[in-house]
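A, B, C and D label the chains in the order they appear, each numbered from 1.
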Amino acid sequence: MSRDDAVAAVREQVAALHAELVRYGLVVWTGGNVSGRVPGEDLFVIKPSGVDYDDLTPASMILCDLDGVVVPGSEGSERSPSSDTAAHAYVYRHMPEVGGVVHTHSTYATAWAARGESIPCHITAMADEFGGEIPVGPFAIIGDDSIGRGIVETLTDHRSRAVLMQNHGPFTIGSDARDAVKAAVMCEDVARTMHLARQGGATIPIDPAAIDALFDRYQHVYGQQEAPE
Amino acid sequence: MSRDDAVAAVREQVAALHAELVRYGLVVWTGGNVSGRVPGEDLFVIKPSGVDYDDLTPASMILCDLDGVVVPGSEGSERSPSSDTAAHAYVYRHMPEVGGVVHTHSTYATAWAARGESIPCHITAMADEFGGEIPVGPFAIIGDDSIGRGIVETLTDHRSRAVLMQNHGPFTIGSDARDAVKAAVMCEDVARTMHLARQGGATIPIDPAAIDALFDRYQHVYGQQEAPE
Amino acid sequence: MSRDDAVAAVREQVAALHAELVRYGLVVWTGGNVSGRVPGEDLFVIKPSGVDYDDLTPASMILCDLDGVVVPGSEGSERSPSSDTAAHAYVYRHMPEVGGVVHTHSTYATAWAARGESIPCHITAMADEFGGEIPVGPFAIIGDDSIGRGIVETLTDHRSRAVLMQNHGPFTIGSDARDAVKAAVMCEDVARTMHLARQGGATIPIDPAAIDALFDRYQHVYGQQEAPE
Amino acid sequence: MSRDDAVAAVREQVAALHAELVRYGLVVWTGGNVSGRVPGEDLFVIKPSGVDYDDLTPASMILCDLDGVVVPGSEGSERSPSSDTAAHAYVYRHMPEVGGVVHTHSTYATAWAARGESIPCHITAMADEFGGEIPVGPFAIIGDDSIGRGIVETLTDHRSRAVLMQNHGPFTIGSDARDAVKAAVMCEDVARTMHLARQGGATIPIDPAAIDALFDRYQHVYGQQEAPE
């Protein structure tokens, strides 16, 4: 596939995936953003800043290099990329296996983040998807590399593809943009279920060996062989 | 009706019923599954593993025997069935009166399951539908017959058509797939209402004789005579 | 307007209003029901029992006399009316000013009902709409006049158009079916808001004189003069 | 732009923005209202009283002067404006920089209002949007200028564009009607997240200097230069 075709394919995927954030109620107004790495290139595609979800098209997505700089002359380059672009770029630079990044302020995940509390793994769906707890990352604000560094330091060598940045909200990573969106959807789902479970009393831990078995099976067996996810 | 016609009818029903799981918010992403027994045959139809809800069609449903083995050469047999197929098959083998099985990780039912707490019957809608509490089943993970056995042991001779598998989520059964989906919808509804009721203080028990009367009436009087449900 | 035209108009209104129960999330599956009195006649129109919301049409609504008996030979009379028909009929017989009745198991209102706790009026929207607290009615089950009698005894000479039947759920009344549906929608809305308010700490009472002023204004000034509601 | 064109543009914008209140679940039935100032004129456009959201059109919006009096002979002037018109007018008279006002009874914001409790700023999205806590305004009821005065006194020289009127609900202001609707959407979003966060335990405060930095950046950098918001 040519570079142009690869960029076009990621533009289309990233634009379409923003609709999943809306469908699952993870975002309001213009908040939240999805990005996807262009396979084989030191480039990624990300949402423009402050644009309505209804108005996102492949052409309005913005192409950036791995320093988060908009590629001059590329389609849409007259607009500003998401204000979280630096954090996405930092992740792509330091985690070469990551092909997609998602950030939202989804309600329940952000509620855990506001307490700086990791989500314990007391439901099997969470063992499947995250292989244990969803960790908390440091408090960091926009302006330097501190958000990106916090994501990378927390998720490196961690099974979880989601991190709850303290007082802020979840960032998720994946093998591609779709996988990162799935992680964002599942992160909010388990954040909600575990929140409600604990409101009613103490939850029952799962034996770590069972968590390991569930996580291993889900990575290798679940889904279709021709299209694993 | 020929075997082929019977299979085709169940494929159509099971494919369509998955949309009800989405409509009532019981599932996210590709989670959850519905199956239906083929009347008069030792066969059932179930959802493929890890496929988007938007992409489910009668032809993509998978036909299995009562050991959970995909029928060779049947439509869609090149794909893998739901990873919960063994549990569905176990139920069909051991509960001949069951014509449909549903599994979800619906939020409130799973929250009760994470505490290993059965849902008390303090609302009349629950007496109607479940005839008393919704019980908890054992902790069990995928890999052998333990999930299926846990469902069957918990629901045999129990009025409830729903069981909350500990740390996991609800499984429901019914006279056919539609009846099992109804049980899944009502299970989440009463799980939510009872959760919220208890958050505000103590709930009032219902006299067991009244529960019996409500359950009996609902099984025999509710709905249309020509199309009972 | 002829009797036939009057019946046709109420059939159309009542069928359409069921969609509002779905829109506002007050019902699941086939639960819930709306009825409307035929102006100038000892008749009312109500939903059939156990029929999908998607399948409700004016022709499928059922015409009953004020004893809750289906009018022989009327359109749809081959089907059974809602299992709550006796309660609706009791209300129409004993409260001649009532033109519409609605029953749901809406989540938050039913949660208050499960505790047998009336909803205190600590928000102005509730003062506007209900003029004070929403009261609890007695525990009663289907089979005799006890539900209808409980509704009538609780709401007679009460400002509220909603009653929370203990362990059961809300019944609402109105000047016509639309007004009763509005009361059902607002009842759930204030039940939810007051539930959440109290979860966070003590709520502030409203001075009874202010409640009186708000209720009085809302009955006489709000809305359009040509189409008061 | 002529006065007529300016009025027409605001009618269109205000009518369309009401759909955002529905989309984000901030209103039920006919509750809630949006208004927008006509640029360069002592006029504003507001929703009619008690009309269904589905029936709102540019022509049905109502044109008022800054005393809240309907402009005689203007389109739609045969109907009554929103019963909150006096409060909107008071804000426009006393806060010349305000171009839009929104009022809802959105669930979580109203729950904080029922306790008379301001929302603490423990999430970065709230620092971005509101620059600190969302304050509570006084108890006031319709009938004189007390609601409008309470809004103006609370929000003057305050960073927040939202105020929680005690026992009542949120009012928000903005540079135009769209900006005020955004504030209403974000107010409910942070009210919900902070409510849920606190239900699970103590939340972590954000350093005031970080709040200042986030608020400053969001006002000046976020969004597109050609279309800041």
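The rule is short, and it goes like this: contacts are C-beta pairs under 8 Å (C-beta built on N, C-alpha and C of every residue); 3 or more make two chains touch, one makes a residue touch a chain.
Bear in mind the structure is a predicted one, so any value in this text is a computation, not a measurement.
Asker: How many degrees of rotation carry the C-alpha atoms of subunit C onto those of subunit D, rounded to the nearest 5?
Answerer: When the C-alpha atoms are superposed, subunit C turns by 90 degrees onto subunit D.
Asker: Do subunit B and subunit C face each other with the same patch, meaning over half of the contact numbers show up on both, or with different patches?
Answerer: Under half of the interface numbering overlaps between copies: different.
Asker: So which chain is the furthest away from subunit A, centre to centre on CA atoms?
Answerer: C
Asker: So what's the Cα centroid distance for subunit A and subunit D, whole Å?
Answerer: 32
Asker: Could you put a whole-Å number on the gap between the CA centroids of subunit B and subunit D?
Answerer: Using C-alpha averages as centres, the distance is 45 Å.
Asker: Scan subunit B for residues touching two or more other chains and write them down.
Answerer: Those would be 199.
Asker: Using the definition of touching given at the top, classify the network of chains in this structure as line, ring, star, complete or other.
Answerer: Topology of the interface graph: a ring, with each chain touching two neighbours.
Asker: Each pair of chains that touch: what are they?
Answerer: Those chain pairs satisfying the definition are A-B, A-D, B-C, C-D.
Asker: Quick check: in the complex, which residue numbers of subunit A touch subunit D?
Answerer: Residues 28-31, 48-51, 79-80, 83, 105, 107-108, 110-117, 139, 141-143, 166-169, 195, 198-199 of subunit A touch subunit D in their complex.
Asker: Give every residue of subunit A touching subunit B within the complex, in rising order.
Answerer: My answer: residues 24, 122-125, 182, 185-186, 189, 192-194, 196-197, 199-204, 206, 210, 213-214, 217, 221-225, 227-229.
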